[in-house]
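The chains carry the letters A, B, C, D and E, assigned in the order they are written, with residues numbered from 1 in each.
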């Protein structure tokens, strides 16, 4: 416990770094994936190719990607930007499929109703399709958010400090308590972020909560 | 430099020396597949019964959601280091870490799959006099199959991609090329290894896509 | 004989769908529950085969409390035509119809041929038998549901708005078919509808329900029309509406019966 | 005036829903398309606001081919009550009704108060206005759909089986309400139903359709009843059925009009 | 310092950023350098736990850090994989020549921490091994080490060439002779393990370190690797003083302190040592 007391400040710092290293990729991923996913779903052929390349991205193992990215971007080796870029790529890869699915599974009669009431293409996309895709998008974002928090730890292997540093350090020092502390901190952070997403969903998608009522 | 890496990776892959022996691509590929299958089988033995039970009864759903969420949040790196400190190197550590990784998608696939089945349909089956077991096996599982297969699909892909860390503690598999490549700065080897992993993942993914489509059709 | 003994049902969310309902449904007759949406018709029907368990009271079939019977057995012994067809989406039409037979242990080929016969009874093109339910229109699906309810030749038949989605011509046919079946086979039928015309056509006994499963009036169609119990019934059967107050007009050379709105109701023939 | 000039529609999957259909729908009258499920009623209706583009032929409104008009503008100028309500699940009931107003640029508060008024017109409890569509019954949803069709006070109103899911009492009210609106506001209404009674009640002009949008007969209700064009029409309106051949019986002390099945159709009043 | 905008966490201005590899001893050394500099009025901060050598050498080249503790032999091999120097002075000379422009090493310390091949006491007794040369007589030898051991001159190729030890079953474990490697050895999964000579686990587990009479494993003296830009006379003076006081025994003790039950931070361990040696 004394170790914990002595290191609370440092763990807090690491958690803060970890937080923004996780949030940024998810937000960036969302900003890219939603419009592209919408477009892909409207243009099935080219869109399919796009989605396909998305899944290739996701199969790339993270460690070599993290070492090669600085070479490609010309960033410095310790730049946290490398981690952000790599995780954003993963987030896009995952969310792209989610977004395309979210738009594709919209009930046809609702989209039809939007047309019938005289929504233009843009009005339909922004006022009807986007909000209706919301619940599925949110579910996707929650998954991506949680796994991004967990993936950030790999950054510790290439010198970008975050809660994952507690793993490498604890391992080196043969100190399981430090690793366990890191695990707990990472899970807590992930759950905290998840809670925030849920809250945001409640605020933005109040209608989705009535989902399973009335027969 | 990056050009050289790509050319180098091509040369590495076309060098016949890398395609035979215990350190050759076929052997490593088999090892890798072996770990993947072992992991997913163990994870499925845990996740499927639990997920089907939760989906069928609707009970403990909150627990399932919390469980999948927390397991997803557990970083493989942390688990791996922890288990290795506890039990030393060997199969246990990485398999355990990978099982933890693949339980969430399998669990979610199972219970979300059952949940996606229209309540009216299940009600109809009960009304006809299906027993609970018949409702599960003849109605819910067949209708949930596309999502259940989808769960396997993401579990397998994640394991294939993450099993590379098994090499970190000397377990072999395709990760050997990545980890050793990074350590001895043989980036062509790293890239070549990554490419093999990617191709493996894509082949498996395509297979699952087919399976999912045929599950959805029936 | 089916008997409801002061049954009530309050759902988990607090909705009281049925409050203290009692009624005897004589064997070999058709009883029709008719009432507005949400008045508890389906809830009452589903108590008979234990898809809904009453919060209090009992339902008895031939003086045996259904609560004492194994629900799976019970359901297999009763034909049930569901409100929204309730087909299994992953089974072909013919296999859907064969389900009750298969569950009763009938062999595959016999079950199939009896299912095809049942499909014919409800007037479905045999070409549709190999399709999946989603490839059928709503009305066609409902007919498949009716065929499934009939196929095992059960003594009790529960029918929940079985003709709601079928178009008028086919509905007329199905109604006639049901009347014929009833004459020939003497089943005990419990029929739910919100269409008072359908209720009057099919019911030996018509039960007009208010919200909460409260009985507004029970009787034969003629009894109800001639002597409505109260204003609610009068309104419900349309007696205070122009629609039920008829007169005869000579139009385009025929004696046409016209309602209060001037809508032609039919042509007058000899009494 | 709406005019169909030999329009046909073959969908991408090869289904020919409408074949060479021509008809003039006079302004300020109600034309009812009636026919069995799948005969092409919805397809015809949706050609008017370009939700379906004819494969050949034209649809003209006041002699202007709709194909020359911007579809979004066109749809905003026409009221459309969709077959299955077609509400936006993420908007509250009142906001759903307000959509056509908001799209036309009406301010939020004015749109809301007009939407509330429209909900009252269709007899919906104002307490429901703040709910989401999913929290309403099918019939209530359909009424919301009707309110949305009416709210912007369009000259042309397309109504696709708007009263299909509402229960009979409310349906009668809504039908009366529509008749009143029609008398007062003189709109051009195109109404789709498969209920011949409803068609006869509401239609100034009734169009009986066969499969493929083929016209079996066009005329006023009395014309059709008195002089059905062929056996199909005769069957469709029920003239060869017991239902339309009425006679008078003395029952339970009242003079009751009874059809060939013995089903009471109403009580005879003075001519 | 370099361009302050180039690397957010890197060095800039007058503050010297001291990096470290991802293991305890390197972290302690980095803390010692940084605290010693601070004590003498040179502004310094640390960026610990950067990772393997490719990462921190990359980082010092691109200016993310300014100074890092390293080991002469391995640094030489890293810079020049074909290097063959083995004795301390040869290594130092070769290293100075191999350094890229802009980087220097200061005076190496006497303290050494090098790869060492270890066996369990039981194994040593059973097979009568005391030196690496004795391994040639053992059949089916299983060895665990960092993956790079497989290809490096002091690794498998050297074992075969210098000592005639062949047909070794190799297990790569990427923890730099850390707990996993030790565990592999003590659990009997492997017979020989490459563990850094100052690892407390060697004494704690009573392991037998095999002798290296033919100097297969190159000298590994602790040495500050520094960017020329920040290597002022003052800095050199401070770091040389530190290097002069460090010994191999003290490295061992520092490591033991760090692994102690109270789990002190590297900074605490460094602070205590500097105080004891009057350097701060």
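In the analysis below, a residue touches a chain if its C-beta (ideal position, glycine included) is under 8 Å from a C-beta of that chain, and two chains touch if they have at least 3 such contacts.
Chain-to-protein mapping (UniProt): A, B = ABC transporter permease; C, D = ABC transporter ATP-binding protein.
Predicted model, so just to flag it, every value in this text is computed and none were measured.
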| item | value |
| --- | --- |
| Any chain that touches chain D and chain C | none |
| Middle chain, criterion being Cα centroid separation | A |
| Contact-richer chain pair [B-C vs A-E] | A-E |
| From chain A (ABC transporter permease), the most remote chain by mean C-alpha position | C |
| Reference chain B (ABC transporter permease); chain at largest CA-centroid distance | D |
| For chain A (ABC transporter permease) paired with chain E, centre-to-centre distance based on mean C-alpha positions, whole Å | 38 |
| Distance between chain centroids, defined by C-alpha means - chain D, chain E (Å) | 86 |
| Euclidean distance of C-alpha centroids - chain A (ABC transporter permease) vs chain B (ABC transporter permease), Å | 19 |
| Gap in Å, rounded to a whole number, between the CA centres of chain E and chain B (ABC transporter permease) | 38 |
| Residues of chain E whose C-beta touches two or more other chains | 175, 179-180 |
| Numbers and ranges of chain A (ABC transporter permease) residues touching at least 2 other chains | 156-157, 168, 171, 174 |
| Two or more partner chains touched - positions in chain D | 137 |
| Pairs of chains satisfying the touch condition | A-B, A-D, A-E, B-C, B-E, C-D |
| Footprint of chain B (ABC transporter permease) on chain A (ABC transporter permease) - complex, ascending | 55-56, 58-65, 67-68, 71-72, 142-143, 146-147, 149-151, 153-154, 156-157, 164, 166-168, 170-171, 174, 176, 179-180, 182-183, 186-187, 189-191, 194 |
| Footprint of chain C on chain D - complex, ascending | 36-38, 137-139, 167-170, 172, 179, 194-197, 200-201, 221-223, 225-227, 235-236, 238-239, 241, 243-249, 251-254, 256-257, 259-261, 263-271 |
| Partner chain B (ABC transporter permease), residues of chain C touching it in the complex | 46, 49, 51, 72-76, 80, 82, 84, 86-90, 99-100, 103, 148 |
| List of chain E residues in touch with chain B (ABC transporter permease) within their complex | 52, 54, 144, 146-148, 150-152, 171-175, 179-180, 183-184, 187, 189 |
| In the complex with chain E, residue positions of chain B (ABC transporter permease) that touch it | 84-85, 88-90, 167-170, 176, 179-180, 182-185 |
